[in-house]
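Below, each structure is written out as structure tokens.
Next come two complexes built around subunit A: one with subunit B, the other with subunit C.
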Partner chain A sequence: MKIVGVAACTVGIAHTYIAQEKLENAGKAAGHEIAIETQGTIGTENELTKEQITAADIVILAADVKIAGRERFEGKRIIQVPTEVAVKSPNKLIEKAAEVVRNK
Partner chain B sequence: MEVKDIVDLKTVKTNMNAKTKDEVLNELAHLLLENGYITEIDGFMRDIYAREAEGQTGIGNYIAIPHGKSAYVKNIGVAIGINKEEIPWETLDGKGVKGIILFAVGNDNEGANSHLKLLSLFARKLGNDEVVKDLLHSNSSADVMEAFA
Partner chain C sequence: MKNKSLFNILFHRKFDSRSDMYHFIGERVSHHSTLLTSEVVDTLLQREQAGNIQIAEHVLLPHFESSKLKESQIVVVHLHEAISKWNQHVSDIKLVIFILLKRDETLDTKKEITNFMRNLADQDYIEKLLHADSEESFTQMIIQ
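Moving on to the complex of A and B:
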């Protein structure tokens, strides 16, 4: 399946990027296509394209703060968790996302 | 510049024998002071502890990433400590930590975008199990730098 997501932590220096790396690795390892945008101190990076969002089966928001551009995901299935869930259990989170898509 | 260039051999310490979080943070903060990254220990530590109070900085796998934005930071950088024994820390997996990466980032980062970008790529590597394994097995500053290469 296709997953897109956003990672954003309070300070925007560390957890955001660790969550991105862990989610992307866990997603790819499970055979999914995954792209995670980061919103940190440096600003938005790896910004999701309209095409990526349209094609996505599910959206994962790993965020401790209000994310910018949430309206882009309107009408999509969204899983929202704190960044520490993505850092601690990325594989479980990806499994959960797959489950949600299966049970749609 | 490459990601590993964020690592300054002068602010890396391996085979540490610290027993507490406070001890290791102090030691690493002194390295940052001596090498011109921060202007003061006390103020910097207050800002680091303010972030510690907000939530766990132990990300699991024996790694902790104390950080916070501080007006006492002159240059963006990191200090890295590899401790011989586990130190008690607030962590996501309930274990202690052996690898401590102390981030120094200022409040005002104007003109520092390329450094911040590098720091974000560096942080990202801490989410990679292979990098973490190499980091924890480091016996020298050069090993630490190599872990991020």
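Moving on to the complex of A and C:
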């Protein structure tokens, strides 16, 4: 499964980066291809390409604030959660994403 | 090697409650900013209301940004005894990491903070911090 996503928190200094790291680690451990863009206090990092988004089976938005460029994901299956869900339960979130894709 | 001045490490400290710890941090911050102790405490409490600050079992990450801070700080507090009841929803806290971010901080310092944040996504690293048995080893794990 191919997963893309965005992490963005209120201050943009803490949860954004922990969420990204935890989601990428959980996704890879479960055998998926995963790329998470961060939108934080240092700007956008690991910016998703059009190709990555097009190829993705599902999009995970772990965000406490409005993200930039949400329109890029129009027509895609999206799971949106607060960053704390990605931080505290990354494995469950990846399982949930896999379940959504399986049941499409 | 990280920028040591960014980190403020308090090992094996005793605090009885959230209020006790926030007041202590508020006083420290007030010496290096134009913020009053009460303003720091209020800001930390407001941040808790805005969203869960727990990042792992036993670990909290209170943080805020302010133009009144003169310098950014990461204050890492390893507790001698767990705070059994932090608030209504959070209990048994042994490690509290405060991120105090100066508004318009330099990109280099922000990157240093975000790199440290990424380390905190590693459960093995968190476990090592929680179970550190000396100030020296605890400090080394954080600043190296």
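Here, the second predicted complex is superposed on the first by the 104 of 104 C-alpha atoms of A that agree within 3 Å, B and C clash if a C-alpha of one lies under 4 Å from a C-alpha of the other, contacts with A are read in each partner's own complex, and residues count from 1 in each chain.
Here is the rule we go by: contacts are C-beta pairs under 8 Å (C-beta built on N, C-alpha and C of every residue); 3 or more make two chains touch, one makes a residue touch a chain.
Fair warning: this is a prediction, and the values are worked out from it, not measured in the lab.
Colleague: Once the two structures are overlaid on subunit A, check if subunit B and subunit C clash or fit side by side.
Modeller: In the superposition, subunit B runs into subunit C.
Colleague: For A:37, decide between first (touching subunit B), second (touching subunit C), both and neither.
Modeller: A:37 sits against neither subunit B nor subunit C.
Colleague: Touch test for A:57: subunit B only (first), subunit C only (second), both, or neither?
Modeller: So A:57 meets neither subunit B nor subunit C here.
Colleague: Where does A:11 make contact in the superposed view: on subunit B (first), on subunit C (second), on both, or on neither?
Modeller: After superposing on A, A:11 lies in contact with both subunit B and subunit C.
Colleague: Mind working out whether A:22 is in touch with subunit B, subunit C, both or neither, as first, second, both or neither?
Modeller: Both subunit B and subunit C are touched by A:22.
Colleague: Taking the superposition on A as described, I'd like to know which of subunit B and subunit C A:87 touches: first, second, both or neither.
Modeller: both
Colleague: Output the subunit A positions appearing in both contact lists, the one against subunit B and the one against subunit C.
Modeller: Looking at subunit A, the two contact sets intersect at 10-11, 13-18, 20-22, 25, 40-42, 64, 84, 87-88.
Colleague: Tell me, which parts of subunit A touch subunit B in their complex?
Modeller: 10-11, 13-22, 25, 38, 40-42, 45, 64, 84, 87-88
Colleague: For a test of understanding, state which residues of subunit B touch subunit A in their complex under the given definition.
Modeller: Against subunit A, subunit B makes touches at 51, 54-57, 59-60, 65, 67-69, 92-93, 103, 105, 109, 113, 116-117, 119-121, 123-128.
Colleague: Show which residues of subunit C lie in contact with subunit A when the two form their complex.
Modeller: Touch residues, subunit C against subunit A: 50-52, 54-56, 61, 63-65, 99, 101, 105, 107, 110-111, 113-114, 117-118, 120-122.
Colleague: Please output the residues of subunit A touching subunit C within their complex, sorted ascending.
Modeller: Checking each residue of subunit A against subunit C gives 9-11, 13-18, 20-22, 25, 40-42, 64, 82-84, 87-88.
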